[in-house]
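The following pair of complexes shares a single chain, chain A, combined with chain B in the former and chain C in the latter.
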Partner chain A sequence: LSRIGDELYLEPTESGLSLRAVNSSRSAFASFLFAPLFFQLYEPGGPQRQLSRCKVLMKSFLGVFRSLPSLEKTVGKCLILLKPPANRLVVQLHCKYGVTKTHNLTFQECERLQAVFDTQRCASSLCAPARVLAEAVVHFPQTLAEVTLGAGPGGKISLRNYVEDEAEPSKTMVTELWLAEDEFQTVAVAPGSPITFCLKEFRGLLTFAEASNLPLTIHYDVPGRPVVFTLDDAVLEVRLVLATLSDPESSSQPPRANGVSHLPAPSDDFADDLESYMIAMETSAYEEASGVPPSPTFPLRTPRPAESDPEEEEEEEEEGAVPGTPPHKKVWDGQGHAWGQGDGHRPLLTPTLSPQFRSLFFGSVLTPGGPGPAPTQEVLAEDSDGEY
Partner chain B sequence: MRFRAKIVDLACLNHFSRVINTIAKLAKTCTLRLTVGKLYFILSDKIANGGVSMWCELCQGNFFNEFQMEGVAAEHNEIYLELVPENLSRALKTAQSAKAVKIKLTNKHYPCLRVAVELPSLSSSSRIVTHDIPVGVIPRRLWNDFREPSVPDFDVSIYLPVLKTMKSVVERMKNLSNSIVIEANLSGEMNLKIETDLVSVTTHFKDLGNPSWTSEDGCQSSTQSRDPESMAEARIDIKKLQQLLAGQQVNPTKALCNIVSKRIVHFILLHEDVSLQYFIPALV
Partner chain C sequence: MPLATQPPASGEPYVLAATLDNARHLSSLLRAVHFQDHATCFATANGLRVTVEDAKCIQANAFIQAEIFQEFAVQEESVTFRINLSVLLDCLTIFGTSSLPGTSTALRMCYRGYGYPLMLFLEEGGVVTVCKINTQEPDELLDFDFCSTKVVNKIILQSEGLREAFAELDMTSEVLQITMSPDKPYFRLSTFGNAGSAHLDYPRDSDLMEAFHCNRTQTNRYKISLLKPSTKALALSCKVSIRTDAQGFLSLQYMIRNEDGQICFVEYYCCPDEDVTEAEL
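== the complex of A and B ==
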């Protein structure tokens, strides 16, 4: 969870204690739900059964559990206590030799942090042992920000590093890994475009999954809709929701009926057309030694940033939208891509979609029901104080 | 113009990866020259490199199980490519347990070296990882820039001390000074010296041995007439020397250097199937 956000949300519920985190750009959310059985004692609420929620600084909480090996050796019991009149979250470690370490952490009360997602609505899902996925991502450099996951011909699944628009395509190394269908426990992939998501948070989950030896399920849909990673066992339910790069071109086209994927097949016969290339090079006057002619246009789908021309956006807006409406405030990640806006630039309140399943990533304070002019400011996740 | 090659043997793959790792530590961008029998990694002495140049030669037969190359034209059966060796190094890094590695020159959208690694997997078909490394094709008219450097008319030629020792000495000296003086004589003695305002440090090596070179006409080289005790020296950038030494992952069969006094130091590192020459010019 610390790989995702700086604050740890503790939400006790009747079905268990949920630990959650969200990142600053609201493009990543994770929750770990520990069933009551996981604990020796679990009392979610006070005498009136009121449930308190709080959030603490991740750093402070992690500080209590700093050294895992020594904790395993010395700590017998750990008590976490939150009693509303007190203004501290108490974490008490009962250690050997009668030593008790009590940590009083300041906390803030908060509203429920809940990302809106529904794995049932995801068209595609893949389930694989964590080890397979961990072995797959090892081929990508540690510094790689985003990775693209898609299905190819023959049922193969591909992972490819995502090359940003700003990077020169002819200068960037592209790595692609193909996994056969039978490496997965289940494969249920709907035809459609590949999705791109942030690798960093995914790697974090993979490390946990590998350590706990649980299979990991990936639920995804069209680009722009979040991808949900799930891990389940008897007492633990893990969910990681990541926004995916939206793809304005594909959102305006219906998915192709015959399910042709955009990914080229892995084959041994690569286009080898260097003779004509060399002729082209030799006959034109080039100054520099490398003399690479401008590369032909890439069939790369590049998402347009929100700050694109209002004219371009108008093309994609449905009739309900007012021309010239400023673009919806989008979720930005560090690289300035728009995330989590599955419907591209369409207005968010469409009568056909039920309020929970808007393309919004988080349940927002937007009024449900009827279409209306897009709000000028979209709240993608409620602020902890409920205000924004 | 075509190129495809395949490595199936793990030991060869390992060896090749180590060569690439060494090259990657020495040059950010370099030229790969492919001929029917050999691969060359070349760095020519541009100002941008700080005047260093490199010539590394490998016999393809020692590494590749399959190697097919068709050059630019029949009478120029060679290919010159500009690439970033670090990319190749990264592609090979996770291939160490591969069943096979294929390298092919392609031009789908832009010229690339496609490295396809076939990895073992528990499933019926192998996992394939492909790395498309962008390369620049160097036109024939520029090939002259990449000719093999000739051995300079050196003053002293001497075998290097054990590289590991030399490396640790140079690494410590690097913290104290930006330049280092290499001096050696024909009696097998070499000194590495640094001098700053505060401190001067010299490390002495002896009994290193001097290789004998015969010149083309078969007679003894001109160094015969040189006073064996007299030192030839050159002051070079210490970082370049440290890079060269740090990049060596395996002890070479032969390691020697030729010093042209106050001009250039020419290092020759020979392994069984790889030879590496590295030129570091003297600082003015």
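== the complex of A and C ==
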């Protein structure tokens, strides 16, 4: 999780303790859900069952578990207590020789962090032992930012490093790796374009998967829709959601940047995209949210107007959108659920978010009866007329 | 092999002459107190004491008793001089710091007295190096006046239990708080850093506890930057004794066993931090 974000969100729920992280550009989200069975004792919410959640600085939390080898040798039991009144998250390690290490970490109250995604709606899925993927990924240089995963003839799966077209051919090294279908436990790939996602966060998950010896399942759809990596076992559920590069658009629509419709047929014209992506990343830092139309200076890959392909349209309709609503108003997310509202009217994706890496939609989801909306910094995607 | 004594031209005997088969016996101990460039050396017939101080708050002493040396001769009651410890250590380890089995650097140390440099003759594998290090006026040293009768609380622990704790101390904390008590938490080390507070508790019946004599509950804070260097001594030692007196002065004594199984001691004395505020629990 530390490969993804600087803050660790802890959310105890009835179904387990969830540890989550999101990256600063909101293009990567991960959650580890530990079922109650994983623990010797799991009491969410104390006697009143008041569930509270918090976030702590990743660095502080990791500081408690600094030295893994010695932890394994010396620590018998670890106790984690959340004490809202005292404003402390207590992590207590019971070690060899009766020694007790107690860490009282400061935490911040926070909103629920949840990326909206639905693996059911992903057209393709692959499942492989983590080892296979780890061995594949090791061929790419450590500095490689993005990798492209695709399906090829004969059911083979390819992994290729993502290269900007602008780069000089003589200076770029392209590494491409094909994995046979039989390396995977399951392969259910819909025809479509390859997807490109960030390798760094994926590597982090792979390290964990290899160590835990669990098979990794990759759910993906068309480029632009997020790719979801899952690991499951009896007591642990891991989800990593990464945004993928969308196909470039040549639409001349004014950049409302909401909802994305993408070309079903891949086009390899990534050059402009990357530039505008970079600009978007730079401006997103200080451009405030909500409904501000994006600067016309950078060519956002715009959402397609109503002539998006029927398949697209249909999906969006299913999402509870008001029929006839132009697709570009739809907020894109894994299941097309616009911000938990489903009415599809809201421009929920701010123009500042990268048009390339579609931001994952985070439900600034308020649990019913939960605390009121947190101050702006907790709202993960701005919406001026937000109801949250 | 012992190096031949080089008698000075004037025929004056050396005020201090010592021979050591394995210079590491000296260098490793000196490293355990090396947190300042300068040290004061004090030699008597009993042996050599090297003292390092900082900020008038902390003092570390390394004791190498005469028995450790193959030859140790002091002509006067006591011999004292100040010397650059960094340079001394560099010379002692001039043949390298890796300890390959079977090879060791032999040392002969000679000092003619006030105003003369300290001469070191080092030999390994037939190669001889001669070093001359200038000596200086000894400084006035702090006297912590820590004697056993004034000790309020005393604990002896096996170093193994503290090593990791000291190495992982939260350095964002300005102080290390030490609580010693006949009641819970018995012995607690606390830090108050950026991430929050951390407490390390050692129960009195722990296997690590060799002796536990606490009469009164005491909580004292010490500047962590001053105590951090003691981690080196802790790493070398097998046992450590932690004592505090009525004013909260801390004495840490480390028992160090060298390669030949001989025992040496290093001790650290530290003043409590004056701005003591309510301890965070």
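Here, the second predicted complex is superposed on the first by the 247 of 388 C-alpha atoms of A that agree within 3 Å, B and C clash if a C-alpha of one lies under 4 Å from a C-alpha of the other, contacts with A are read in each partner's own complex, and residues count from 1 in each chain.
Everything below uses one rule, namely that contacts are C-beta pairs under 8 Å (C-beta built on N, C-alpha and C of every residue); 3 or more make two chains touch, one makes a residue touch a chain.
Remember, predicted model here, so these are calculated numbers, not experimental data.
Colleague: Tell me the contact category for A:Gly98 with respect to chain B and chain C: first, second, both or neither.
Modeller: A:Gly98 sits against chain C, while chain B stays out of touch.
Colleague: For A:Thr175, select first, second, both or neither according to whether it touches chain B, chain C, the two together, or no partner.
Modeller: Only chain B; A:Thr175 stays clear of chain C.
Colleague: Is A:Lys59 contacted by the first partner chain B, the second partner chain C, both or neither?
Modeller: A:Lys59 sits against chain C, while chain B stays out of touch.
Colleague: Report the partner of chain A that touches more of its residues: chain B or chain C.
Modeller: In the superposed model, B touches more residues of chain A.
Colleague: Need the overlap of the two footprints on chain A, from chain B and from chain C, as residue ranges.
Modeller: none
Colleague: Would you tell me which residues of chain A are touching chain C in their complex?
Modeller: Within the complex, chain A contacts chain C at residues 57, 59-61, 63-64, 66-67, 70, 74, 88-89, 97-106.
Colleague: Would you pull the chain B residues touching chain A in the complex into a rising list?
Modeller: 1-2, 72, 82, 84, 87, 90-91, 94, 102, 104-111, 114, 116, 121-125, 127-134, 136-140, 142, 145
Colleague: What part of chain C is in contact with chain A in the complex they form?
Modeller: Residues 161, 164-165, 168, 170, 194-203, 205-208 of chain C touch chain A in their complex.
Colleague: Hey, which residues of chain A end up touching chain B in the complex?
Modeller: So the residues of chain A in touch with chain B come to 135-136, 138-139, 141, 169-183, 266, 268, 270-275, 277-278, 281-282, 286, 289-292, 295-296, 298.
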